Each structure stands twice: as C-alpha cells, then as structure tokens.
Amino acid sequence: MNEQSPRWETGRVEAFSDGVFAIAITLLVLDISIEPEQYDHLLKALLKEWPSYFAYVTSFFTVGSVWIAHHDLFTRLRYIDPMLLRLNLLLLLAAAFLPFPTAVLSQAFEASTKSERAAVAFYGLTALAIELILRAMIRYASTRPELVEGEIPPLPKSERGWRATIGSAGYGLAIAFGTLLLPHVAAAFYLLIALRGVLVSGHEGRLSIRLSR
Amino acid sequence: MNEQSPRWETGRVEAFSDGVFAIAITLLVLDISIEPEQYDHLLKALLKEWPSYFAYVTSFFTVGSVWIAHHDLFTRLRYIDPMLLRLNLLLLLAAAFLPFPTAVLSQAFEASTKSERAAVAFYGLTALAIELILRAMIRYASTRPELVEGEIPPLPKSERGWRATIGSAGYGLAIAFGTLLLPHVAAAFYLLIALRGVLVSGHEGRLSIRLSR
Amino acid sequence: MNEQSPRWETGRVEAFSDGVFAIAITLLVLDISIEPEQYDHLLKALLKEWPSYFAYVTSFFTVGSVWIAHHDLFTRLRYIDPMLLRLNLLLLLAAAFLPFPTAVLSQAFEASTKSERAAVAFYGLTALAIELILRAMIRYASTRPELVEGEIPPLPKSERGWRATIGSAGYGLAIAFGTLLLPHVAAAFYLLIALRGVLVSGHEGRLSIRLSR
Amino acid sequence: MNEQSPRWETGRVEAFSDGVFAIAITLLVLDISIEPEQYDHLLKALLKEWPSYFAYVTSFFTVGSVWIAHHDLFTRLRYIDPMLLRLNLLLLLAAAFLPFPTAVLSQAFEASTKSERAAVAFYGLTALAIELILRAMIRYASTRPELVEGEIPPLPKSERGWRATIGSAGYGLAIAFGTLLLPHVAAAFYLLIALRGVLVSGHEGRLSIRLSR
C-alpha cells in the first residue's frame, strides 16, 4: 500500500450513492402522463401509454440491478480511495442521466416514427456506459486489497472471467441489432439484461457474497 | 438453512427503500398546480383543487402506511436474502409508480368526466399490487427463521390469519364497487384503508413489535 | 409506562424524515423558471423573478428551521411510540405540501393581481399547521419520559412557556395582517419567523441541547 | 471552549446534507428534454442538445466536488455547533439553487441569443457563492478545536494558504472574462474548476485526509 494514499470509510459514499440511485429511480414516473383531452377515453389512453410503462420498468430494473451490484461491491469494501471515489461519481453521473434516454425511448415508441432507431441506440449507449463504469469499479477494487475488509473473502475469480462481460456484450449486441434491424426487439433485450442483473445477484452474478454462519 | 444461500445485512436496503418512499411521497405535491389565468379568482381556484388535495393525502398515507409496515418488518430482520431483495425491489417499483395513478385520479375528478371509473380502478389496482407484494414479503420472511434477529420474537400468528387480508380485500371491494357504482365512494375507501394502515401500526396491525423493558 | 405499548428505535424514522425534508427543500427550485421569450432580455427577466427568489429563501428556511427543531427533538429521544410516529407522519405531510403554497405565493406576487391576499393566507395557514404539529410533537414527547434517552436531560421548561408560542402567534398575526392590510409585509414576516427559527436553534429557541464535556 | 455553547453529533447533519446534494444533482436531468416535433429528426435533435449535456456535466461535477469537500470536512469533525449548522444550511440553500442557473445557462446557449453573458454571470455568481460559503465553513471549523475528532489531525495549513483561493479566484476571473469577452470560454472554465475540485480531492486539494495504517 502506498503510504501517502488517502482513503475514507465507505459509509457516507454509500449513503450519497443510495440517494442518487433512489431519486433517479423515482423520477422515472414523472415521464408518464395523460393529456387533458385524453380523459374522455381514459382507459384507451392508459393502455396507449404502454411504451411509458415498458420504459419505466426497464429503467427501474436497470438502476435496481446497478444498485444491487454497487451494494455487493461496497459490502466487500472497508475503505474507498480517491480513484474509486471518482469512478463512483462517474457512475452516478451516468445513472442520474438515464431518466432522459428513458423519456426519449418511450416518446419515440409512442410516436411510432422513424426516431425509434436513434432512441434505442441512445438508451443503449447510456446503459452500456453505466455497465462499463461499474465493471471498471469492480476491476479496480479487486486489485486493491488494502481497501477490502479483512474478514470478507476476495472478489471471486469469475468476476474477471467471461461472466462479467455478458452485460456489456449484451448491450453492444442490442444496440447494433436495434439500430440496424428491429428497435422493439432491442428494447426488450434491455429489459432482459436488467432483469438478469437483478436475478443473478447473490448467485453467480455480478458480485456474490457468501456469509455462512 | 441452505449453506450456499447468500445474505446481507439489512442496513443499506432500508436506506435505499427509505429514499424511494420519501421521494415518492414528496413528488406527489408536483401534481398540484394553479393555472395562470386562475389567479384572478385564487381563493375559488384553491378550493376547486380539492380532488388534488384528496389524492395527495390519500397517496401520502398509502405510502406512509407501507413505510410503517416495511419498517416493522425490517426491525425484525437481521439479514436479507436474494429473494427478499427482489421482492423489495418489486415493492419499490409499485410504490414509486403511485404518483402517476394519483395524478390521473385527481385530474379525472377535477374534469368530472366519465373517466372517473377508469381512474378509480387504475389507482386501486396499483394500491392492491403494493399491498399484495408487501404481504408476500411478510409471508416469505416469516418462513425464514435464519433471517430473523435472534433476540426479536417471531412474526405473530395473526399475520397469517384473517387480519392480514383486510387490506387486500378492501382494495378488491373498493375497485369493484367504484368501477360499477360510485367512484367517489371507492376513492374515500382508499383513504380509509390507508388511514387504517397508519393507525393500526404498533397495535394489532400489519406487523407489531412489542419491546417491553 | 404501559407495558403493552410498543416502541421503536428512532434511527429509521429520522432517516425517512430527513429524506422528506431534503426533497421538499430541494423541489422548491423547480418553481423558478424563465420563459423562452424572456431570453432576449435575460438580465431584466432574472431580476423580475424576485418573488420566486424570496419565496424560495423563505420556504427553504421554514423547512430548515423545522428540520433543526426536529433534529433537536430526536436527539433527546431514544424510542418513538405509535402516537409520535403518526404525529411525525402528519408533520411530513404538511412539510411536503409547502412547495405548492410557495409556488402560489411567488406566482401571485409576480402577477401583481388581487390574488396576493389569498396566496399569503394560504401560505401562512400551511406554515401555521406545520408549527402546530411540531409543537404537539414536542409537547407529547415531553410527557413521555419512557421515550427519552437516559443520559439526556429532560425537555426544558421554557418549551412549555411563552417562548414556544412565538412562532404560532407570529403566523397567526401575519395571516390576519396580510389578508386584511398589506400582503407584502406578511410575506416578509414569514421569512423573519423562519430566520428566527434557524437563529435561535441551540440557544434558547425551540429545543436546545447542552452537552458540556 | 465556551461551556454554554451547545453542539451536536454530525451524523444527521451529514445525512440531511447528503440528501440535498443527491437531489440537487439528480434534478439536473429534468432540464433536458426533446420537443415532440423534434422526433422526426431525433439524432439531430439529440446532438443539438449539447448545451444541456454540457450544463448537466458541469453542474454535476460542481455539486460533486462540493460534496467531496463537505465529506472531507465532516470526516474531521466530531461535533457541529449552531454557527456551523447555519453555515451548512446556507451552503445547502445555494447548492439546491444551482439547478436554476444550470437551466438558464443551457437554454441561453441553445437560443444563441445575446443572453449568454447574463446567463454565464448568473451561473458563475451562484457557483462563487457556494465556494465562498464552503470556504467560510472550513475556515470556521479550523478555528474550533473543540469540534474536531480527537484522533484526527488538524486542518492542514495549506487550507489557509493560496491553494484555498484558487476556486474562488477562478470563478471571479471566469465571470469577468465571460461577461465582457467570451461567454463560452467562461462556461468551459466552470467545468474545469469543478473537475479540479473532484481531481484534487484526497491529494493536496480542498481538504485531504491521510489515514496511514
């Protein structure tokens, strides 16, 4: 360990990050609205809003799976150093930006215009950026034993293997497929990647922790 | 207990959930506004906004009673496992969605159109979904003694009895009644269910905790 | 102490309340905006927004002083019982509502219409409600020694004296004066009451705590 | 130490401040939006939004660097006294206001009108106010040894030297330069100052902490 290198306890970084994730996830609902003139046929209008619901659920689970991975990472960490603090700020920058591509995606799908391809690519690039920054954080932390809590086992080998690249590769493929061929299929893929992120947590996924009694 | 099953301490899950509940509850006020042209008769305009105030108070206590029940549940828990983490994420997804049906409900009542029935059903279904996910969480946690704090008594039997179904049944009845007969009565019922959720807390309600000295 | 009476540790109630206060205080800025056509004379437009700045600062310090008093109260408490939990929820309901009267107040002052009196009364009544609920919480807690931390001194006598009524009486007078005579003076009074709440904290104000080494 | 002077533990002040910073940073994204008629040429519209992205990133890192400095300061503090509490509230008032100048800046740049100079000055003055309040807090805390944690070293001398004035002087110069000459250059300077605030943290910057094992 570099004697000069400063480091902090992780508590307040977690609290601040939790705040940003919680707000980003909750602001998503502000994008969903019914125009006054649609209230004459409200049921129809509510059903027509399906792209908004789809985008809401997708982004909710995208941020949710990032929160779980963030939570898993910080459970292992005892200290945070300046580089990790900056990577964390970059992660929050990208995650807090997601409500904008989410609104663009749902509006493009509602308008059914040719804008769908650009919207899908824009959303995918934002999600890919989040995924890559998260990977960089996990990779960086796994090379800094001085940050890790003594009693907690080191980061699993699998994190540096092929499993870790599934998310990133998935976004890359979906962006290419959605921009060139079928935007709707790409959007469905974004939801699947987010759901996988939530479901694998604690098993063999992003970062698992095993605390046997 | 499954030796392989991972679990986490509950602290950060509570903090994240608190953030989402607090934001969902606070965003509700953004739905209330006065149009510029109404400022000539402001007092009248403020009074005409009663459906917004009603919807604000109803959703505030609905989220508030969910927060109390969530708080009661997590006071008993020492660890959270992946399944409970996912159920918790589902609960937050539904709770963070509530500001949208709240806005729809108040706007439908202000417009006094035939849209009231659809709005009441939409709101009720969202509240029912929240209630059912909360029930599923409590039921799941009560079957996992390895998650419970050692010194805290197990979940009370009553939670698996008829009392637990009052909330869900209440929403079901109100939805049916409001859609077929009187929407305003159903909306008043939503407020009553939420108030009951707040008032029974700590007595014989959703989840009570008894810490005698 | 009633043996049956349940109670909780205060930690999570504080975290949830902090979240609501922080969001209510931060949402206030969303009320301030410049119309696109005003960008030709931006400096003039920025200056013309003074009622928005005034309302922002007033409500910021109003919520800020409530947060300080809330903080002072909970520093003394070790447990919270169901009644205090419900009063706390009522306080949050009123505090989270404040952004709406704030927007009404600034818009009424910008329009310079006859709506100012109604706006001043509406704002004052909300602030008075917040003050009264806060008083009720402090009064209730001061009669429940079983909730208080053992090592912390009991609530000071002055809290039950004339000092405690300054805030409430101030709002009452300002509402009457502003509705009948000069709305602008009443609005300035709201700011003064809020500033007093911030400035007296820790001295002889709402709730002071003295921890000498 | 003044025996009469009250003081509190810092925990809840940090939590409340974290909440305000997190929300201010996350609300910034609400300023970015695409008009419905722009969806016919979405890619072009997304690119045309560059001033919004620029303003988003600048304000994100501005608040982020303030949060880091705030975090550094409070890591050293064990107690907070009434004066520091008030300065902290002033800091939050200014930080929570930043989304408004951010929106004005990006809209002025998108409109490419003569409003750019006023927008740049308005943004710079807000950022300067934040910086000066932060300086005042650090300076005040450094003269109150009774607030500092026993085991933590005192505030470094450099904080009272020329390094501490870089941020303030930078904003002053950028405001003057941007108002009189080139607004775009001044805006770029705001981003650089914010990035510096993030990058120097933990090294020789605002407030560094060295915890060697």
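Of note:
Which chain is which? They are A, B, C and D, in the order written, and residues in each are numbered from 1.
Keep this in mind: a residue touches a chain if its C-beta (ideal position, glycine included) is under 8 Å from a C-beta of that chain, and two chains touch if they have at least 3 such contacts.
Every value quoted in this text rests on a predicted model; they were computed, and no experiment measured them.
Annotation, chain C versus chain D: rotation angle of 90 degrees from the Cα superposition, expressed as a multiple of 5. Of all chains, the one whose CA centroid is most distant from that of chain D is B. Taking each chain's centre as the average of its CA atoms, chain B and chain C sit 26 Å apart.
A separation of 36 Å divides the Cα centre of chain B from that of chain D. Within chain D, the positions touching two or more other chains are listed as 15, 19, 22-23, 27, 30.
Of all residues in chain C, those touching chain D in their complex are 14-15, 18-19, 21-23, 25-30, 32-34, 36, 39-43, 46, 56-57, 60-61, 64, 67-68, 71, 74-75, 198-199, 201-203, 208-213.
Note for the complex: chain C touches chain B at residues 1, 3-4, 6-8, 12-13, 15-16, 19-20, 22-24, 27, 30, 81-82, 85-86, 89, 92-93, 96-97, 99-100, 103-104, 107-108, 111, 113-115, 118-119, 122, 146.
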